[in-house]
Structures are given as C-alpha cells and as structure tokens.
Amino acid sequence: MTTPLALPFPADTTPGGFLLVLAILVPIIGILLIWTLGSRRTELVALTTLAIGAAIALAILTELTGTGSAVIYLVGGWRPPLGLALRADGLSVVLIVLTAIVIGAVGIFAKGQFGYDPDAPEKRAPTVFWTLLLGISGALNLIFLGDDLFNLFVAIELVTFTAVPLVCLDGKAETMRAALRYLLFALLGSVMYLLGVALIYSGYGTLDIALLKSVARVEPLLFIAIALMTVGLLAKTALFPLHIWLPAAHAGAPAAASAVLSALVVKGSFFIILRLWFDILPAEATGLGAQMLAGLGALAILFGSVIAICQARLKLLIAYSTVAQIGYLFLMFPLATGSEATPAFASIAWTGGILQLASHAFAKAAMFLAAGLVYDAFGHDRISGLAGAGRVIPITFIAFGLGGMSLMGLPPSGGFSAKWLMLNASVGEGQWWWAAVILCGGLLAAGYVFRVLVPAMARPLARIKVKGPVSRRRELVALALAIMALLIGFVPLEPAPLLGIGRGAEAGLLVPGGLAP
Amino acid sequence: MSGSLLSGDATNGAGLLLALALLFPLVLAVGLSFPAARARIGTLLAIAPLPALAVALLGNGARFVMPGPFRLTLALDASGAMLMGAAALLWTAAALYAPAYWQGGSMLRRAGLWWLFTLAGSLGVFVADDVVSFYLLFSLVSLAAYGLVVLEGNSSVRRAGAIYVGFAVLGEAFLLIAFVLLANASPGGSLAIADVVQGLPFSPWRDWTLLFLILGFGTKMAQVPLHLWMPLSYRATPIPAVAALSGAAVKAGVIGLARFLPFDSGSVPWGELLTVIGMISAFYGVLVGLTQTNPKAILAYSSISQMGVIAAVLGMGLAAGRASAPAEATFYAVHHLFAKGGLFLAIGVVAATGRWRIWPVFIPAAFVALGIAGLPLTGGALAKLAVKDALGYGLVGTLGKLSAIASTVLMIRFLTVLRGTARTDAGEALAPLTLRLVWWGVAALAVLAPWILLTPATGYPLSDAVSPSTLFDGIWPLAIGGLLAIGGRRLLPNPPRIPPGDILALLRPVGRLAGAASVAIERTEARLREWPIAGAIFLGLVLAFSIAMYLAGSS
Amino acid sequence: MTETAFFDTLLVVTMIGLAIWMIVVRDVFAAIIGFMAFGLLLSLVWLRIEAPDVGLTEIAVGGGATGVMLLRARGLASAGDAMNAVPSVPFRVLVGVLAGAVALFLGALVVFPPAVAPTLAPLAAEHLASTGVGNPITAVLMAYRAFDTFLETVVVLLALIGVWSLTPDGAWGARPRVASADVPAPLLLLAQWLVPLGIVIGIYITWVGADEPGGKFQGATILAAMWMLVMMAGLRSAPALSSRRLRIALVVGPAIFIAIGVSGFHFAGAFLAYPDGLAKPLILAIEAGLLISIAAMLGMLLAGPPLEGDRP
Amino acid sequence: MSLLADLFTVAAVTLGLVFFVAGTVGIIRFPDSLSRLHALTKADNLGLGFIVLGLLPQCAGVFDALKLLFIWLLVQFAGATGAQLVARVLRREERP
Amino acid sequence: MTGATFDTATLYGLCGAALVGIGLFGLVLDPKPIRKILAFNLVGAGVFLVFGVIARRGAAAGFGGDPVPQALVITGIVVAFSATALAVTLVQRLSSAATDAGQPGQAASVPPKGETGTPGQGDAAS
C-alpha cells in the first residue's frame, strides 16, 4: 500500500503564524468568558474580544505585507497530510480585515440593544446575541484561514449553528419558521459537502488544499466531488435557484444580525467555492462549469433585483438585493480565468470580484443597519409608510443612499470600481454578455434604491408618525460603513498586488512567494 | 493596464485654482448644515460659481492631477473654458434670480444642497480630463439635478422626476460601457481622454463604442427617441432651476460628444447617423413644440431642436473629419446656453408683470428668441455663421436653413404664448427689480457675448458677421418664418393639443408589459422557493455540474 | 457465497429495506422507532468494516441519543407544521430519478475505486509512538487533528447555546422540565440500579479509549444518558440554565483544551503540540475535562430548553 | 473436549433461536398488545439466555464469560423495566 | 477506470450510496420537518458509511482501517447529532408557539406562504 503523495507539505510555520491561531482562538475564549463571568460584563467582554480580534487581523496584514509571502501555521507541529495547516494568503487577509471591521462596527451599533442592562439579571437576547456574534467572527476567520477541507466543514457548521439562532432571536413564530427552513437547507448543503470531502479523500489521500493542487487529476471522481461540494456551498451562499431560505431569514433577523448575515456569512461559503475552483480544480476543467456558475449569477441578478423592486417591506427589499448582489460575485468564475501570461489571481476580474465582495459587504451592512434604525424610529418598515422619513432621520437615509450608490455602481464608490474592472474583464475576455448583465444589474439596482429614497426624501403629504428617538451613535455607525463602501472605490483600477501574495507561481506546488524547491 | 495612468505633466498653479474652484460649491454644500450659513443661502448660491468663472477667464492651460489613488484630473482648454465660464455666469444669474422669485427662503433652503451639487457637476464636466473623472462629474450633474426637478414635490412632478432618473441612469449605463470599451482600447491603458480617443479608431470595438457614445450623450442632449424626459422635467422644475439646467446642465452632452468623438480621423457612417438623428430631432422638436400651450414646454422642445442642430454639426464634422467642428459646436452651444437660460428667466419675469408694463421686458425676449432663429446682428446670427461651414452647402446646409425657418415659427409661437401669460389682474404691476435686472443682464449676454467670443473661439473675423451676404442669409429665413407663422395662425386657429412627453403615451404599453413581466417573475420565484422544487434543483445542479466538468475536462 | 458474504448481504438488504420503510411509512412514531433499529444495524456494519470506535460512537450518539432526541419531539401532534405541499406523483418520480442518479454516481465511484487506495495509516502508525497513545483513532483525534476535535466541542457548545436561545424570554435561567408528573416505580428502580453502573462504564470507556476502541465522545454520551435517566426518574431536577456550576461544567473542557494547547506554544513549539514524554498525561487531562463538558452539553441538549412557566 | 463444547454451543444457540422465533411469532399472532408484550419479553429473554449459555465455552477467558453474563443481566433488567412502562401506558390509554 | 472490485467494503459502499439516495429522496419530498430531520440523518449515515469504506480500503500498518477517516466520522456523527438537536428543538418550539398563538398546525396541503407575506419584525424592543 504505497501512498501516492510523493510531495510532503513544503512549507513550515512562518514567524507570524501564531497570529492565525489567535484569530480563531480569541473569539472562542470570548464566548467562554461571556458564559462564565455572568451578565454584568457580557458586552464589555464581547467588545474587547472584537477589538483584540481586529488588532490581530491588522497584525496578520502587516505580517503578510512585510514578508510578502503567505503566513502559514502547522497546528500541533504536525505536517499535512496528517496534520492541519492554517494558511493566510493575500485574499484571505483582505477578507479577515473586512470581517473584523464590519463585525466591529455592528458590535458598536448593537451596544445596549436587546434591552441589555448590566445590573439587571441576565437576559436571553443580549447574552445569546453577543455569543453568536463572537462565534460568527471566529468561524469566518477559520473559513478564510483553513487549508483543510474537513476543517472547513467544521467551520461552515460553526457558521450555520451561529447564524440560525440569530435569525429567530426575537422568538416569533415566523422567524422560527424561517430559521428552521434555513437550518434544514444548510444541513442539506453541508452533508453534500461532506460527501464531496469523503470522495476527495478516497481519490487523493489528503484533504489539504495546497497538496491537492499538485495531486488533483482530471478524472470523474474529482468532478463529482467538486460538484457535490460546490452545490452544497451554493445552497449555503443562497445563489439564485437555491436562495429559498435567505429572504425570510435575513428580513426576520434583528438589524445588527441581518447586517452580519448578509454582508459576511454568505460570503464565507462563497470563499470556499472560490478556493475549490481556483485552487484545486485543474484550469482546463473549469470552462463549462464556470459559465454555468456565472449563468446562475446572471439569473440571480435579474430575479433578485426585479423582486426587490416589487417588495413592500424595506428589510425584504434589502434581503432580495443581497440575492441579486451575490450573483455579481459568481461572474468572477468565467472572467478571472487568467491566461498563460497572467495567472488567475492577477487578472482584473479577480480584483474586481473581491472589490465587489468588499463594497457589497460595507454597503449591505450599512443598509440593514439603516433599516433597523427606520424600524426603531417609525415602528414599521413598510416602504409605503416612509414618505418624508428622510427628514426625521436624515443621517440614516444618507447612509442608505450612499450604500445604494455603491450597489448601483455610481462613482466614486467601491461598487463602481468593481463594476469597472468586471466590465473591462468581460470586454477583454470577449464575453460581452456578462457586461450586459452587469449594466442591467446596475439599472435595476437604481430601481430599488430610488424606490426607497424618492419617497423618503420628498416632502411628506401627511406628518409621518414617529415612534421613538433614534440614537445618534447608531446612525453614525451606519454612515461610517456606507462611507467605507465609498472609500474603497479609490483603490487603483488595476489588479491589486496584495491579492496575489502567497499564491505563488501557478506551476507545481504553491510555495509562498516562489517556485517549488 | 499598468504604468502611470495619466500622461501629461503634473499640476500647475492654475490647475490648483481650478480644482479649488470646483471644490468651492461642495464646501459650501457642507457649510449648509450650519444654521448660520443656511440663513444667508441666497448669497452662498450666488458666489458659488464665481471662482470657476474667474479661472475660466484667466487660467488658460490649467492642469490638475490629483495625487495618490484618487483619480481626478482636470484640464482647461479653450472650449472647456468658454463653456465653463458661460455656465458659471448663467448659474450666478439664476442664483441672483432665485431669492426674488421664491420670496420665502424655505424653497431656497430645500433646493440648496441639490443646487450646489448640480452646479459643481455641471462646471466640472467641462474640464474633466480622464474618463473616470468625466463619468464621476457626469453622473453628479445628472443625478443631483433630480433634486431640482422634484423641488415642488407634488405627484405629477414626482412622476416626471422618476422618468428623468430613469433616462439619466439609462444614459449613464450606455456611457459606462462606452468608456469601458474606450479604456480597453486605449494605448498603454492610460485613461486620459486624449489617449483614449487616439486609440479609438484602432480599437476592435470601434463601432460599438461610437454607438454607445452617441446613445449615452444623445440621451443627455434629449435627441429624438430618448428625448421624453426633457419636456416633462422642464415643465416640472421651477424657473430658476430650469434656467440653469436647460442652459448649463444639458451642455454636458455637447462637451461629451465634442471630446470623445474622433474628429481628426473621422468616421463617415457614424457621422451621417449623428447628423440624421440631429436633423430629425431639430424638426421633430419644432413640430411638437408648436402644439404646446405651456411656454416652458415650448422652450423644452426648442432645446431638443437646437441640440439637434448641434448634433448635426458634430455629425457632419465627424463625417468630414473636420477638426474645427467641436469648437464651432461649442460656440453655438454657448450662445444657446445664454439664450435658452435667459428665455426661461423671461417667463418668470413676464408672469410677474402686468399687461400694460410688459414691453420693456418683452422686447428683449423677442430679440433673444429670434436670435435663436438667426436674427442678423444678434448672437444667434454669429452662432449660425459659425456652424454654416460645418453644415456644408449640400442637402444638410439647406436643411440647416429650413431649421432656421422652423425655429422662427416656433419662436414666434413662443412669443405670442409668452405675451398671453402677463398678469391681467394687476395691469400696472411691475416685476421685482432684481428679476428684471438679471433678465436684462442675461439677454445682453445672449446678444453680445458671441460677438466677443467669435474670433477667439472659431477664428472667423468679425467682419464676416457684418458682411452683406451673411446679413441677407440671416434675413430671408426669418421673413419666410414670419409669413408662415402669421399664415399658420389664420389657417388652423387651434392646432391639435399634444401632451408634453408626446410619445410617452406609446411607452404606456411598455410599462404595462414590464409590470406583467415583473409579476410573472415574482410568481415563478415564489414557486421556485417551494422546498421540493428547490431540492430537485439542488440535485439537478449536482448532476449538471459534474457532467459539465466532465465534458470540459475530457474535451 | 461464503457465510460472511451472506450475512453482509442480509444486513445490507435489511438496512436498505428499513430505510425505505422509514421514508414511506405514514406514522412518524413508527419511523423513529425504525430509525433506532437502523442505528443498531448500522453499528453492526461498522464492526464488519473493522471500525469498532465508530461503531461505539454510532450506537451511542447516532442511534441512541439521536433516537431519544427524536422521541422527545414525537409528542407533537403534527410532527411540526408542513414545510411544503405534498408534491404530485410525476414530481416525486423526477426527484426519485435525480436522487437515484446521485446514488448511482456515488455507487460507480465506490465500485471503481482508484488503482491505489490512498491511506494515511502508515504515516499515522509511524508517529503513533510520539503521541504516547495506543489507539490510532485517539491519536488522530487528540494529536494529529486535535484542532478539529477542539472546534467540534465548540460546535456542540454553540448548538447548545442555539437550543437555549429558543427559550421563551420569561423562562430564561429556569430549569428545563424533564421528569413527568408521576414517576413509574420500575423507572425509579432502573435509575437507582443502572446509573452508578453506567457512570463506571462511561469512565471506563473514556479511559480505555487511549489504547483500545473507546473514547470521550462515547463515554460522555453514556454519562449523559445516565444523567437523563436520573432526571427522568425525578431523583434530581435538571440544573437551571443560570446555575454557575452547570456553566463551569460546560466550559471546563474547552478551557482545559485551550490551556494545554496554548501552553504548547511555549513548551512544545506549536499550538496543541505536546512536549514529548508528557503527551499521554496531557491527553488524558484534556479527555477528562472534555468528558465532563460534553456529558453536560449532551445532557442539556437532550433535556431541551425550559418552557413557559418553568421556574429557576 | 472442544468437539463436545462446540456441540453444546450449537445446540444451545439453536434452542435460543427457537425461542426468538417463538417470540416473533407471538408478536405477530397475539390479539392485543399486552399479550404481545408478554410474548416479547419472556421469549426473547429466554432465547438470549440460551445463546449466552451456548457461547460461554467459546469465550477466551473467565472475564469475557462474566461480561457475557453481565450483558444478559442488563438486557433482562432493561427489558423488564421497558415492558412495565409500556404496559402502564397501554393500560392508561385503555381506561378513558 | 480500474476493474470493478467486489468485496465486503464495496458492498457496504453501495449500501452507503443507496442510503444517500433514499435519504435525499426523503429530505427533498417529505413535508414534515421531523421526517426531513430523519431523512437528513439517513443521508448522514450513508456519507459516514462511504467514509468507513474508504477507511477500510486504506487498512495498512497493522490497523483494521485508516484511522484518519474514522476519526473524521466520529467528529461528523457528533456534529450531525448537534444539528439534529437544534433542528428538533426548533420544530418543538415552532409547534408549541403555533398552538399557543391559536394556529393549529397548518394543514399539510397548504404551503406556508409566510415568507413573501409579512416576515417577523426586526429586533426586540431596543
């Protein structure tokens, strides 16, 4: 019984490696502390943990840009294929920093929500919310850092178990129904993913992505395994035909939670699909499948946007907008194929896709927080009842508008730069139909953004009934996120070198910053 | 796509001033949030365009490159300076006009923010020097103007606003894809407009680029199939705002065509297409304009017609590869800017004056209106002269003459309707002095400014303007137009009434179709969201993807 | 057909028949009882493919605990509101064909495996000595892939927190109601006799897991079952959610895991690495901590959230 | 010696199987559930006892034999309690 | 494609594949959430069986089977149990919440149109 794996895992733990472990460990330690220190210090512990997490994310970024190569950590000192490795390349570091910023902002937004009072006896909602927020932060860091497919399975389970209870945090019957639907569909997805992991192991004897890249052969076993894993993850990313759980779940969740769900959680499983298709599947086998993924993405943009325009409630409109914007991400697959000269990760569609992911994360988080504020101020979020609301809470609707600007892809927003790069890529690659889809999406996005802004900014016919005051801090958090969505628009319009770090040469094994030895 | 994005030297002194001049309105907009500034909003709006006017007059050859990742490059060339100066003048006039027209400050305060953003956009779009900055400033002027269109806030105005936004975003989508095609074909990936246009003739997508450019800027210039928004939104916008919009904002389309079309290498088919569109719009505007009763609508259709003439000039220039066409078209646009802006201001003034006191206000309106049709010795005549060579002497030249005649008829129609709007209740009432002063100022600019700008802009000596041949060329179309107008009024006393946004009625079935489509989409999506169907799709996708990869892999 | 092949075929046919029956039968209760029987047969299969550890886990967690969990839900009149309409027959055939095709693809891959069956067994055996543990599966769980095991405990903890988050607001911090009003005498007798025995067996299985098939998950499930028996028999009432001792019990396992893992940074050069020579005691320490925590977590999962009107 | 042991094992295990078959037939044939319960517990416990008895000589050591007996005792205990509880539920359902 | 091997491991592998198929059929079609959870556990059992067969085929160095997939299965079973626990509790709370709110469990034939209609409202009183 010889092992087919001639090549041992090439890399050793790089100096900054322990930071990767901390990025995953710190949120878990935070959870344990929340449940032992009692309700008096729940928020304090949670917010300090998020702060430390953000510091760690920045430390990893500086470490990565410093050494110019991937940060790697062999957990337990065991070298894959036997042990587990954590690997942070340029792309995952960008996403970790993005997660830290968005969750940090949501943390500041949610401070004092859910009736949290340090002196009163422990209440359900705040304790559970902060625990699950830390859980999501840790799980997403694990997704972006994990280099082992089964490790990623445990990570996406962690994400599901933290996201589902957030959906039905308010305990109402229909949010619980939405949560059950989300849980069951996510479980269907993860069990199919697990089946794919089993088949990959049966074919190659390892589950480490870096090793699989060098060993993966063009054969039916690999295709069926990748198909199972991809579709399983599509169910969790809620790409169009498999989006059945997202609208009710994201609209039912509390504002802070739906901001994190829409902005980050669906991106986690997308990131794994990205690694499967660009890091494991040999390039020549991706042609037709990539067109199919982008086709589903195009349908998502069309259906998601049109239905978003027809929605009566603000949060449902934003949820369907998420369904549409996820479609854009999948346009990366056919466009970021790269050529002999430039590897996939150096193509402009790769940078455009990640820019779209980041700007959507900021814009969508800002819009959901704004929707939460609208609910606080008026007691409902029926769009028809929001005539003249812009005058009562102007900052909220400015945040909503700036977020909408980024979704529509108007300069100088991040959405515009992403759209510009994707359009350039689709014209450059000669696949002009994706350009038509992107432009259509922009028009439709204008449809549902103006549908909310126009009545809100216009002079109301009847005085709008205000339920309660809205805290200025929360409005400023939403505005800050929306402004972040604009600021990343100033990234230079060319393939970002940061995203290429650690991806090494395409040929042979992925060795940080150089050819295989 | 690497290397420094922008060719050309870095910022020079005047360039810095130019950037600050454009930044000034935005700074004032931020200032509006302080109550002290809001109190004196009238003066703020008035001084906002002045720095830009100063730079336009003095800072020729200014060049500004924003350091760091913020891609913003500005460059002041001759036509840019001319248009920016004229626009700044018109915005100042409108800003002086507004407080008197709106008496109370509440409307002014509500318009303040949108006014300053549109102003910044409309001035900046003339000097943007790279594709992304141009697109940024173009969308700023298009979308911020929406705020001015829906100032009055009643339901019909909101419908007009919705249509305006629809067309604005559609136009921007065309422009975005056009700029992407341009950027892809530009040598060395540089985004400067000069390099981009240089690369256009050799680009593999040349035809697509030109089509989208014409569609994008055609929407902004309200050329025929895409003109629906102009009559509706100009009727809805209050006078001071519509004067600025019709004068300055629309010219963004003109400067766009002037900068982005490859005049030196030229392209016959696209040039002819643009001329045809221009001519159709010119005559269509007049025909429908004649049926209108509201003076603002008539002027809107007159704008469509005049923009059609400019499009024809640029089209002929493109077809003949005539490098001077953009300068001539810009000169024509400057005159139109003053004339059209002035006439809108005139409507406000006449509406406030009594029947018996109308003449001191009405006479200049007549001069400016007929000037548009080419009345000799007025700015209009010079404008017609400037574009006469570009239009050439063949069929298009004669069509040019016919359009002058048509404009005369339309202008006479406008003047008669304008006289009717004078106040009958207080015959002796006089409009507030500031209104009249601003109106006279702009009228003077409309008549005299072209005289000053003719030689620097187009190189024709002033003597041509006064030569007997041009005088005669100016007179006979007016005479025939006058006869037609008088005869027309007797022959069909009440012409058919067409609602503004004429073929909008055709759009109604399209609207219904879109409604039905969205209902169908919603129903299918609701079915798709049922669990068994989603589950079946899940399994189907697993099979589909594995087969797809198998086929891709084995081929 | 050797005798074992006959036995295997009989086992497989019975299991597939039972699975189809479970899907088709109308009564939910019958399906759940069928599932528990299915769990027993499945553990037989695990013994047939030489995986006693997994057999133990399957019968303890898969068959037993999951069966009990489903039984507790059986009380619902309608087994939950319908999530979708009963689809038409042609649609059921379509789904049948699609599911069959997926199974066919899978079957084909099983029947036509790659030439050389890749395995990490030699690699695991080679390093077994340094982990100080005899049972290779415990070596994988506690040394090579200790990170997975740690994360898995966090998954169970978060699942418990998710279950607790479904408590009605009024009953937060209360005691879940497990015992029924009148506790039948035989159950009381069973609890009094079986529980001490079960605790010994549970600890034995965890201890023996180092070198023989066994382990903490299996041991913890047995302890959790005994705890359920005690609560059902009313000998002890379930702990209140807010009770500090329960929370300490839940947290002690992961906390020890983190402590030893982080100490690995200093002493053994990597997170979750054990200094050579000290591997076995450290692993046993972690397993002891995890035994307590996972038993508490599984017990509270089975007990479920407190309902309206429960008092702390 | 081992021949005698094997013979004994085969005989005892077959006897045990007979009792299991009897129990199963009892479940199917008996009219009401209480008697079915009766058949189940009695026959199966006895059957298991004979099987364990039969396997005793095959065990490697005394310790394994004790384990087998212990298992039989456990099954007896659990079976009896289970039967009691099911009977209690059955009688409660019949009374109203 | 190598020759078809047919030994006990393959038999159980086919059993695993069949279980996955049957489980998927039930998971997709059965309207009742408890039945769906049951079907999910069936699919899980099938997947773990496939893992077990791979481990059995990888038997080497004196072990009955490759320890790594077996360890993965143990982790998988515990994760599947946690998922079942969460799902079952959700179903329990959903039906008790429904009966409290006076809506008897909706008839099986009417699919809940809840999602497009009026999903629950945002966060609790803040």
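Order of writing sets the labels: A, B, C, D and E. Residues in every chain begin at 1.
What we mean here is this: contacts are C-beta pairs under 8 Å (C-beta built on N, C-alpha and C of every residue); 3 or more make two chains touch, one makes a residue touch a chain.
Listed by chain with UniProt protein names: C = Multisubunit Na+/H+ antiporter MnhB subunit; D = Multicomponent Na+:H+ antiporter subunit G; E = Multicomponent Na+:H+ antiporter subunit C.
On a predicted model such as this, the values are computed, not experimentally measured, just so you know.
Number of steps on the shortest path from chain A to chain D, with steps defined by chain touch: 2.
Under the contact definition stated at the top, the chains bordering both chain B and chain E are A, C. Chain centres defined as mean CA positions place A nearest to the mean of all protein CA atoms. The interface with the greater number of C-beta contacts, when A-C is set against C-E, is C-E.
Distance between Cα centroids is largest for the pairing of chain B with D.
Computed from the mean C-alpha positions, the centre of chain B lies at a distance of 71 Å from the centre of chain C. Between the Cα centres of chain D and chain E there is a gap of 33 Å.
One simple way to say how far apart two chains are is to compare their mean CA positions; for chain A and chain B this gives 42 Å. Rounded to whole angstrom, the centroid-to-centroid distance between chain C and chain D, based on C-alpha atoms, equals 28 Å. Contacts with at least two other chains are made by no residue of chain D.
Of all residues in chain A, those that touch two or more other chains are 1, 82, 125, 150, 154, 157, 161, 164-165, 168-169, 171, 176-177, 180-181, 184, 188, 195, 199, 201-202, 205, 220, 224, 247.
Across the assembly, chain B contributes residues 529-532, 535-536, 538-539, 542-543, 546 that each touch 2 or more other chains.
This structure has the following touching chain pairs: A-B, A-C, A-E, B-C, B-E, C-D, C-E.
By the touch criterion given at the top, residues 181, 185, 188, 192, 218-220, 222-224, 226-228, 230-231, 234-235, 241-244, 247, 281-282, 284-289, 292, 302-303, 306-307, 309-310, 348, 408-412, 419-420, 423-424, 427-428, 435, 439, 442-443, 446, 450, 454, 457-459, 490-495 of chain A touch chain B in their complex. Every residue of chain E that touches chain C in the complex is listed here, in rising order: 1-2, 4-6, 8-26, 28-39, 41-42, 44-45, 48-50, 52-68, 70-75, 77-86, 88-96, 98, 100, 105-112. Chain contact summary for the complex, chain A toward chain C: residues 1-5, 13, 18, 21, 25, 28-29, 31-32, 35-36, 73-78, 81-84, 121-125, 128, 131-132, 135, 138, 142, 150-151, 154-155, 157-158, 161-162, 164-165, 168-169, 171, 176-177, 180-181, 184, 195, 199, 201-206, 220-221, 224. Per the touch definition, chain C reaches chain B in the complex via residues 83-85, 87, 91, 94-95, 98-99, 101-102, 105. If you check the complex, the residues on chain B that touch chain E are 526, 529-532, 535-536, 538-539.
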